[in-house]
Amino acid sequence: MGLEAVKMVMDTPEFELVAALDRKHGGETLGDIGFSGSQAPIYTDAAECFSEHQADVLIDLTTPEFGYVHTKTALEHGIRPVVGTTGFTEDQLLELKELSEEKELGCIIAPNFAIGAVLMMKFSQMAAKYFSDVEIIELHHDKKLDAPSGTAVKTAQMINEIREPKKQGHPDEQETMPGARGAEMNGMHIHSVRLPGLIAHQQVLFGADGETLTIRHDSYNRASFMSGVKVCVETVMKTKTLVYGLENILD
Amino acid sequence: MGLEAVKMVMDTPEFELVAALDRKHGGETLGDIGFSGSQAPIYTDAAECFSEHQADVLIDLTTPEFGYVHTKTALEHGIRPVVGTTGFTEDQLLELKELSEEKELGCIIAPNFAIGAVLMMKFSQMAAKYFSDVEIIELHHDKKLDAPSGTAVKTAQMINEIREPKKQGHPDEQETMPGARGAEMNGMHIHSVRLPGLIAHQQVLFGADGETLTIRHDSYNRASFMSGVKVCVETVMKTKTLVYGLENILD
Amino acid sequence: MGLEAVKMVMDTPEFELVAALDRKHGGETLGDIGFSGSQAPIYTDAAECFSEHQADVLIDLTTPEFGYVHTKTALEHGIRPVVGTTGFTEDQLLELKELSEEKELGCIIAPNFAIGAVLMMKFSQMAAKYFSDVEIIELHHDKKLDAPSGTAVKTAQMINEIREPKKQGHPDEQETMPGARGAEMNGMHIHSVRLPGLIAHQQVLFGADGETLTIRHDSYNRASFMSGVKVCVETVMKTKTLVYGLENILD
Amino acid sequence: MGLEAVKMVMDTPEFELVAALDRKHGGETLGDIGFSGSQAPIYTDAAECFSEHQADVLIDLTTPEFGYVHTKTALEHGIRPVVGTTGFTEDQLLELKELSEEKELGCIIAPNFAIGAVLMMKFSQMAAKYFSDVEIIELHHDKKLDAPSGTAVKTAQMINEIREPKKQGHPDEQETMPGARGAEMNGMHIHSVRLPGLIAHQQVLFGADGETLTIRHDSYNRASFMSGVKVCVETVMKTKTLVYGLENILD
């Protein structure tokens, strides 16, 4: 993902790539490792990098361990972090939020940068105010181990915050084959399809008398993440606190 | 359904309505009960009706009990039956088949007259020869009591006759919420969605490396049955045996 | 539609039906014309009705001509109008807005009460901020005379208010058969499908690198309108101005 | 595509790779150019290759020029060709068919090896016998230059061979925006959607009173071609003539 972010920054006229962090290529330039046209130096040490280059924004797509250190170090050096990891603890998020506000620097941490997926969840939550009947179908390739997907569970949780509690389906409905009605979460049903050929897809169906509303996201590859990173880079310049989750930026 | 069949016959230029069977309106004409322009008489007794009118075809959309008697009586009177019921026993079907062949008269008995639904099942069976991975999603209104639907089970059975046996999904897949992966039948998965607003819908998804094939049927109302009845009336004139199931007529 | 509204009001425990307007049944009660259990009187004259019954809300689902008079008369009698017609002139809307604010009474006028359809348009407008590539496919029964549908045009207009102007598709794309790429409106493409069996459906597709987002509405019958009317009745009690369009109420 | 075919043959237990043709790597083995575990030699000359290795089948995924020569040479050496090109002339096809039958060797030439796409076309043709109303929507990435796609046109042609001629839509329908109703071919309508993110998709919609039937194919990448090549290799062993088009093999 780091390589795709480098490419996105280089391809965006309003952005300028001033330096990169990488464990293996310290001392080289991006031009040396195949990004022709870039003389941006590569560092292995975050503090050293941030001291020598007063950048506006850090894009970090590493692991929670590195991500936490990088985020903290960046804020201490006056650089706004845009971070794409999921594993931060509540304590870490609280600490980084305080640091962000003390420094008056924006900081965005997002588990999912695919704008389409985040809009799907956001719209589903909005629709749940008017439609109390909803089912989620998520469809993935057959190499996926867990069912339902994390996105499906997150969507159901977001809907649940808004939706009037309701046990859906006919009160006397019967499964003649166990599992037919899918997984149940607060009266909502979730179905997981697994087939070779599929990539990552989800549709949320709302039903009411005489009408249905469907919101569907199809993800074909990782390129979809970069448009979300770009929106975050633009947004992080205008805020002075930590925002968690892309859904709190999109409006 | 009987009323819709009367309407269909009257609206089809190649067909002629010569008489009708009805428990309540014996002695009247179709014109008397609202079908303006028709003088066709209504009978309560099948044998009497078939003796007085040497029709080519009987359309019967009653119950299995009446249907069996009407079918047998029609064949004995030289009339070809087109029957839309599900509950005939094996013995009854065998007896009617022998009678049909003895009389050299066609006879068609079909549990489902919606051509689109039958084609969906037929195409699914054909596709299963080339795609061993398949999942079925059926979607119905939330007044439906049983899950999965009879059509979904029938589709799975037809696929099963052709498909190479296979336990689908990742061998180590885990349901973190029970039921997420739906009902399982011979390694295939079936998912049942129930929402207000929906009517009767089914999609069959096939997946293979790099591609998916989807066959979907949407049923909005009973009008869809009449085109199947019409095809059967045309076909029953050309055959001299009993055929069970619309899928064995469509080619 | 008026009959369906009467039914909805009677079925909603928080609502009370106090009177009705109808040209043909003046002097009778709703009980007389088939709504068993209701003694609400029917009037032919709006002013008389509004003088005798100090209702909170008027539901008007008539024509623009009657609708305008009813709306004005209701406001003058201290009753909040919820009106479902499209043909009001700019001048009429302005006049009614002034009257509404002078009286400090809410007034809602909505061309489309199907909440799902309005949410589809609203979400499409929101998504257009992040996706500049969008195509609209609307699908209707083959009795429909005009293409594209009014809803498709309205959706495109709402998207257009937000979307960065863009000529979509490949700059050198060629239609080898004229019309293949659909109708064009500000660089967006609209496609109209007409088939027997279909009722009223629309899907809005957004695309970006590696992902697509689809928002779809299926309308099966008029029952879908009543949930929108209900939301308006609840909302009109809390506002003191005229609101035009359901999309400005839903949040 | 050639590399993917090599991989497919090596991965299929019933197949054995005995030699390969390639302009650049003559004299090397497949092991030398990265296919570890294979000692199959690479030739630049087809006749030499076919003389030294009495293979059962040739898989040819080159251009029409090379393809024609390879096909002819293979048949002359007693090898059955499976060829994936589109540009053969009528005369060439006739000549190859005669040669194939003279030698009593199967030969399969197919413009499209994606089984899902071919089944979509085949099922559409079958459905057209019962549904005279049909529209085609094809959806591709926005780098595609031509509209409609070749597959859409081929599908329409196949439907046209079977479908009762019919001018679809309302006889008095009006386009308020030109192109809304898509391209027309013998009364059928074809719609071309172009969006970034999309890959290659097509859906064929059939409509009749009260029901619709949809057949959809989604192609995500070239891997989908190899299952079709595999079916052809198996089939070419059992036939003694030239077959053109995968649709004439699948049943």
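Observations, loosely collected:
The first chain written gets the first letter, and so on, giving A, B, C and D; residue counts start at 1 in each chain.
What we mean here is this: a contact is a pair of C-beta atoms (placed from the backbone, for glycine too) under 8 Å apart; a residue touches a chain by one contact, two chains touch by 3 or more.
Nothing here was measured: the structure is a model prediction, and the numbers come from that model.
Using the average of C-alpha coordinates as each chain's centre, D ends up farthest from chain C. Two chain pairs are in question, B-C and A-C; the one with more C-beta pairs in contact is A-C. Chain C and chain D have CA centres that are 48 Å apart.
Each chain gets a centre from the mean of its Cα atoms; for chain A and chain C, those two points are 35 Å apart.
With centres defined as mean CA coordinates, chain C is found 39 Å away from chain B.
Residue positions of chain C touching 2 or more other chains, listed in rising order: 197, 206, 208-212, 218, 220, 224.
Across the complex, chain D is touched by residues 114-117, 119-120, 123, 126-127, 129-131, 203, 206, 208-227, 231, 250-251 of chain B.
Within the complex formed with chain C, the residues of chain D that make contact are 133-135, 137, 139, 142-148, 153, 168-170, 172-185, 189-198, 205-212. The touching residues of chain B, counted against chain C in their complex, run 197, 199, 218, 220, 224.
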